[in-house]
């Protein structure tokens, strides 16, 4: 019923190109500058401030937003980067990364479910920096013709062998010292509790395949099942 | 889009028959038990908890809710009371008082604008404890046939001589030691600043006509223009 | 020094009190809401009503009014009574009246008018609402026309609900053709689609949550598992669900319009509404064009409103004229045996004609009387014509 | 020891690299999106496509393949090439290919294919979207039927928008009759009612805020001040505004359906869509019943789809058969002089028939060619028949 009124908008102190929208009900929201003004992607709020349109970045809908809200050490995504995104879904997080990297950047968005890809393609149609790829992330050779060398790898694949999948993709496409953001399953209600066995094994796989772990952030209360792993890749 | 999920509901520590609804987004709302389950009055949220339905009491829409949120010294309204309500509007606050006083109570709801009364009558139709009166609060003799002696007087009349109007009505209908809640214009952005001349004069009028002021609460940020005066009446 | 008598006007009648607050005389209103409202309306306009008049007359005959002053709270009343040669004084809330006001609920029970104070307040509530409606009528500019537009909007919405429901059934059947047969009622069908979407979501629990009975929920979920329908994408389902949601909104709007019409009709045509309900009442207004037009129609025309086609056909061909138009929706006509219908229709039309006139010219509420007279007449018809007429 | 040659498959072609990563041979894809997509589709299915085949043949003629091993990243391709007697080794991301992948945007510019890297990525974006659509077709169960339902829903909505707009104009005119004349366009009229409500709110500023030009805003506000309409209550206005808001929602839904149809049609019938756009394309599907039915219709029937009534009338009466059905909506027919219309309609129908067949049987995109051929033919018709035929 009531519409939200913006009090002010300013850039996040720690995460450049991410904005904070303060509302008149006293709350504030994360947001990115909308690359395609007037268009929503997943029903998020749009805010205008000083002639710029911002899109609410919903911390309950996007794990990356949740990781930022929980204080991830840094946001490695910057304008102009090329990024390989595994498990792009219908484009919620992809669209915000698209806002951040801007028109000089590119996101290679891999998604295997046709049901979901049909929505992602609508987003990609409007955003020239999203390159949709309907393939299985477990077989990166199938999209070798499309993806170039990338600066970063974002993965949210909900597969049992996610660390191996990520490493295989990194080997083919990720540059040396490139970054990885991996949303990893870590079902543990108690934040302080020890992570599960599987989770630990996945982290080990990452390390053994060249990743230096920089930070791990649990995403509750926004997402109770996942943690976000931030790592840097070292080519042998 | 997202629907609000109730975490728990409990009675307000200070204000009996007012409830606090805790939601899963971490926020909480004031509420009253809905006298007419399933029916909304002004687009407010309805919440179910342990088989009881509660109606959100919106602090931005109801000055009384705002006064409670701002910590009014006490809530003099209790079940079974008879109340005279001047300036009933379309029934937002009236409906919550109706929830509180219950079926043994009665609210004599005076409103002079036909445009607005047409909405109030719909609310009164569903709530047997609301007695609608289409009259001018400046002429209490016009509704002397309807109103009985009341335990309390609530006024939100936005008239220049509101204190006098309130006193005239009290003289005819309010019992000795009965309470007054008066929403009074006090446009002063700075909470600590001195109230305006008019506002001071109104308070003086109240005192000279038998009211002991118990508490005055400014309603910002919920309402920037008003304060709530809580007083007790002494018949000469 | 003069004696004083205090006049307390209340919802149950006018009371004369002595200086100790004791009742010396009283005249009660009849326990008839319509009449009481008329009386109170006069008081609230500052006019002496018949009950107050009667009280004053009675006092005249019993008390020496030349040595007595009447104390009254309203200055207009005081002026009117003064003009009649009665000594009157205006006072705000003298303690005698104040005390009486405090005790009124109790007194009304003691007088045997109500069984308890709750019943008193219930009565007060009803009277106040009717009184307020009567006052609102003064501001009722063209509100009959608003009721007419609203009832026509309902017809528009009904057409649309049907059109969209048919479309949704065809559309969603691409995914789950079997549901069309299992769920015959539009509202249920569309609620299922809008809230669950893909047939994979149709587990018994979720179906029960949206109000399907357990047995049917089980059945739907089993059929869903074996469906021969095609798989859809999220975006295909989204657009179908968007249409389904707008259908539900329209359905909701239909209910809002119905409630709205009820409110408006009670104000602009309370007597017509008392006879046939707000919706049929509004349809009659709609067919006549306005309350004024309806009030001016002869009962015979009211009887066939909405059957114009049949009427003109009859006039042209010399056939039998129709016995009833839209008033056929009145349950007592619809349920009656054929040979009684024309007679009941005539009786109803006659009462409707009277009701419309009172609604238009005065707005006084006599609906209860009209209704009970109509019911009487219908019973009579049923008794007089229990069997079909013999054919000759 | 054997020499190694590394095969890099890219979006611009297949490259053979020596051990230093230098290009020794290459075959480029034509800069035609439809064809490139077909080639890439084969690669992504693990099949050797014509360009890769050509590269291998060229290598055979230039290099001694018996002492050379081809290094390739995809094992299916490796298997196929091995069967042809070529020595192949599978390797994941050898540094030569890795480096080539890194430099590809730059190389593609150096080769003169694009003016800068931005243009390269733009091309990549378009190719990827088309490639993805082609892949999605494999999962496209009955999506032609979904497009058909969506276009029919648009027709249903258009009917409803009209019905409700007429109702709202009548209704709101009770309050502000003058607006009906000033604001002729439904969308504007209803936006004014929905967002401003009472005519007292129609001050120029508020009107400008919702997109009315300043001049008209002033005019509306002046007329509002002098309106002869009746005063309404909040509740009267609320219900009118609720209906107005649902109208705006329906209007919005219409746009969503249009966007949806565009997406679906690009996937299920890209060639038909290239010729006549998604909406007219979907109407043709709707009239035929499905893509399959449309593909099976002779061009002469496609030409008169949607003019069945006129056709049957002609057959019955021996009159002139219709020259065009729904394809009359195609701008080039609508805008052409009468005597050219039949001929253009025939040309379009012929191309549509071909397009529908390719869409149904292969899904290959040849839309650009079809369209340019059609435009050529239309120009020809315009030149050949510049004047109306003489009557004899």
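All chains are identified by letter, namely A, B, C and D, in their written order; residue positions are counted from 1 within each chain.
As a convention for this text, contacts are C-beta pairs under 8 Å (C-beta built on N, C-alpha and C of every residue); 3 or more make two chains touch, one makes a residue touch a chain.
For clarity, every value in this text was computed on a predicted model and none was experimentally measured.
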Worksheet entry | Which of A-D and B-D has more C-beta contact pairs | A-D
Practice prompt. Compare the CA centroid of chain B with every other chain's and tell me the farthest one.
Written response: D
Discussion item. Centroid of chain B to centroid of chain D, CA atoms only: how many Å?
Written reply: 58
Response to the item:
Averaging C-alpha coordinates per chain, one finds the centres of chain C and chain D separated by a number of Å equal to 55
Discussion item. Using Cα averages as centroids, what's the distance between chain A and chain D in whole Å?
Written reply: 29
Practice prompt. Express in whole angstrom the distance between the two chain centres, defined as the mean CA positions of chain A and chain B.
Written response: 48
Worksheet entry | Multi-chain contact residues (two or more partners), chain B | 114, 117-118, 122
Item to complete: Could you list which residues of chain C touch at least two other chains?
Response: 139, 231-232, 235-236, 263
Worksheet entry | Complex contacts: residues of chain D adjacent to chain B | 231-236, 238
Worksheet entry | In the complex with chain D, residue positions of chain C that touch it | 139, 141-143, 145-146, 149-150, 152-153, 156, 159-160, 163-164, 167, 170-171, 174, 230-232, 235-236, 239, 242-243, 246, 249-250, 253, 256-257, 260, 263-264
Discussion item. Can you tell me which positions in chain A touch chain C when the two form their complex?
Written reply: 90, 114-119, 122
Practice prompt. Write out the stretch or stretches of chain D touching chain A in their complex.
Written response: 9-11, 40, 43-44, 46, 73-75, 92-93, 98, 101-102, 104-105, 118, 121-122, 124-125, 127-129, 131-133, 135-136, 138-139, 259, 263, 267
Discussion item. Considering only the defined contacts, which chain A positions touch chain D in the complex?
Written reply: 103-104, 106, 114, 117-118, 121-122, 124-125, 128-135, 141-149, 168, 171-173, 175
